[in-house]
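I have a structure I would like to understand better, so I am pasting it below and will then ask my questions one at a time.
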């Protein structure tokens, strides 16, 4: 199978898995997988992510303008791929814990996770004692401006914390990535589950 | 396939999808799809919406009295179709967030949504900053009276807000519509998910 | 199909449906269907209710002692069948909203439901304005004593309220019944859903 | 079928069942089944527990060092099997109620359950009035030290309470066991469900 066919297949599978969890309600969400250094496969705007066909997936060169039919948010994907050659897949969902938590945490710019064994599912985290920093951004319909804010913040580490392979947009949801589609899927599931744990935990702790 | 057969098939599919989500418990809910300017296909009263047969669906002329076997609530459907020629499908469910929220919000006549990216799944909403107005009505066993209250309220826009393609009946659930069955399904899923987000968010905000 | 085979099949189907909802965790729950005036089909003790075989179902004469392999709780079923000839099926589950609510409500002997359209799924309820009375009993390992308390309470109507086709045992779960397996299933789903709505609603109302 | 093939099959089935419930997110969790007095079948580190292949399962002699590819936590399994010959299967999950509750309860070293009929699904519990003691341990990346703390605590009964067939690791999840894979699965489902009930109940009780 060609790298391109494999990437298209991985996008279809990622959408299907997210849809089963109800993480991409009403055609929301978008999914991309890197084909090579210059190109990614990415979902078209406005389609049902639970039942993607190959025609729903665009082959986007990273150094060219977004293709017709692109989601405006495709720019958040391509900017990350251009800046970070090790990223192989980026998945964006409107999962409930991420989406609700993003609004609760936006005033502090970060959501901090610590004390959960499941953190170790995030690449580079070796202990539940690690402090994991998940950036939170105010949502913005100006995707270019938002992408520049994301880029500036991701370039700046938080002292004593490990940066999560993902970030939150307030009231909008979660972006998560990995070196491969499998790692991005693992990071996505780990982050949403950690947000569920943390939200539930905070209901009982002042 | 005839327009009539297509409408009947779309009603069956809408019921099946809602039932999988547990949004039509115990034969509750009702679903209709427009066949043409004068006629709609609509679910019969008292049947399991998750396993509809063609015989469970009535072909109701909009300008004639409700057929034998109709749900009393069919009048809420036919009144909307008569008044709004652009409406192609109306789906009503007892989904949990909508049903609970409807009682919490009834004293204010409206549920207001803002700050959620998913709002953009509602036709006409372009930004998370939009204010979306979802009317809330006290429940009533007199469907004629209820239908007139709905009609009066939907004719009256709320300043500075976009009207949602749906409304809530207190303790009863959600009515949502769209130009086509696909759009009605997208609006239904978006609204119930937005209510889930908002309910969860309000648990943490005074 | 004989009445006996139909009853056994209905018990198997009721267990399977409840198990899919996770309402009979860890071999809990029990299910019975009336065969005729003198006999019922009822689940054996200690078996997985989600995957019942005909051999897991006992054919219990109502006027004889419980058969070997019976659940101790079978007596709660047979006492109801003897007293109420119109009851055709009784389903008992440990569903989450019923089980949690049963403990919150036990000090008041009753859980009162009003204001929900879904109440109309309960036989005899015509309006959301009806007050539905669900008796709540302290749990008891002495099933004979418990059965007598249930019988005494069910014989006593609550002024101004409609008696639900079911009751709660504190920390134990829900018993629901109907004239047929289909009606018992409808009552079971309606009651558990009403308890979910009411529990969620009470989180926001003092 | 050999005891070894049966044990491998039971591990695969346990992982699949837990994954469907979302109790082993992102390759978390581990599962083992005893083959005989000296050997167990146990999941390899870092694999998806919902889709285990025979090659993902190690045949671990209890008196030998952990095999290459083992999870560090395998030692928690082997220590329990060596000490308790009656234990036939041990399942570990990151289920949500267990994981959240483990952090809320860690300061008191124990989670106490009483008043739930479902307690009787735990081996040795005869009444809802029993007090069930579930030990809670602070999480530790030093599995040897953690295993010794577990061993010391399990050897010490709590006066007036019945010891649960399982324990919690704070922020990490649930270990549950039984004489057979079927009993371990029943205990796992009963404990997670009891934690769900108790968490929900505590939201309403001060």
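The letters A, B, C and D name the chains in turn, as written, and every chain counts its residues from 1.
The working rule: a residue touches a chain if its C-beta (ideal position, glycine included) is under 8 Å from a C-beta of that chain, and two chains touch if they have at least 3 such contacts.
If you want to know which protein each chain is, UniProt gives these names: A, B, C, D = Methylthioribulose-1-phosphate dehydratase.
Please read all numbers here as calculations on a predicted model, not as lab measurements.
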Over half shared numbers or under half: where do the identical copies chain A and chain D land at their interface, same or different?
different
Report back the single chain whose CA centre is most distant from the CA centre of chain C.
A
Given that chain B is a copy of chain C, what angle of rotation, in degrees and a multiple of 5, matches their CA positions?
90
Dist(centroid_CA(chain C), centroid_CA(chain D)) in Å evaluates to 32
Taking each chain's centre as the mean of its CA atoms, how far is chain A from chain C in angstrom?
45
Name the residues of chain B that each touch 2 or more other chains.
203
Write out all the pairs of touching chains, ordered by chain label.
A-B, A-D, B-C, C-D
Within the complex, which stretch of chain C touches chain B?
115-118, 121, 126-129, 186-187, 189-190, 193, 196-197, 200-201, 203-205
Mind pulling up the chain C residues that touch chain D in the complex?
22, 25-28, 94, 96, 99-100, 103-104, 139, 141, 169-173, 199, 202-203
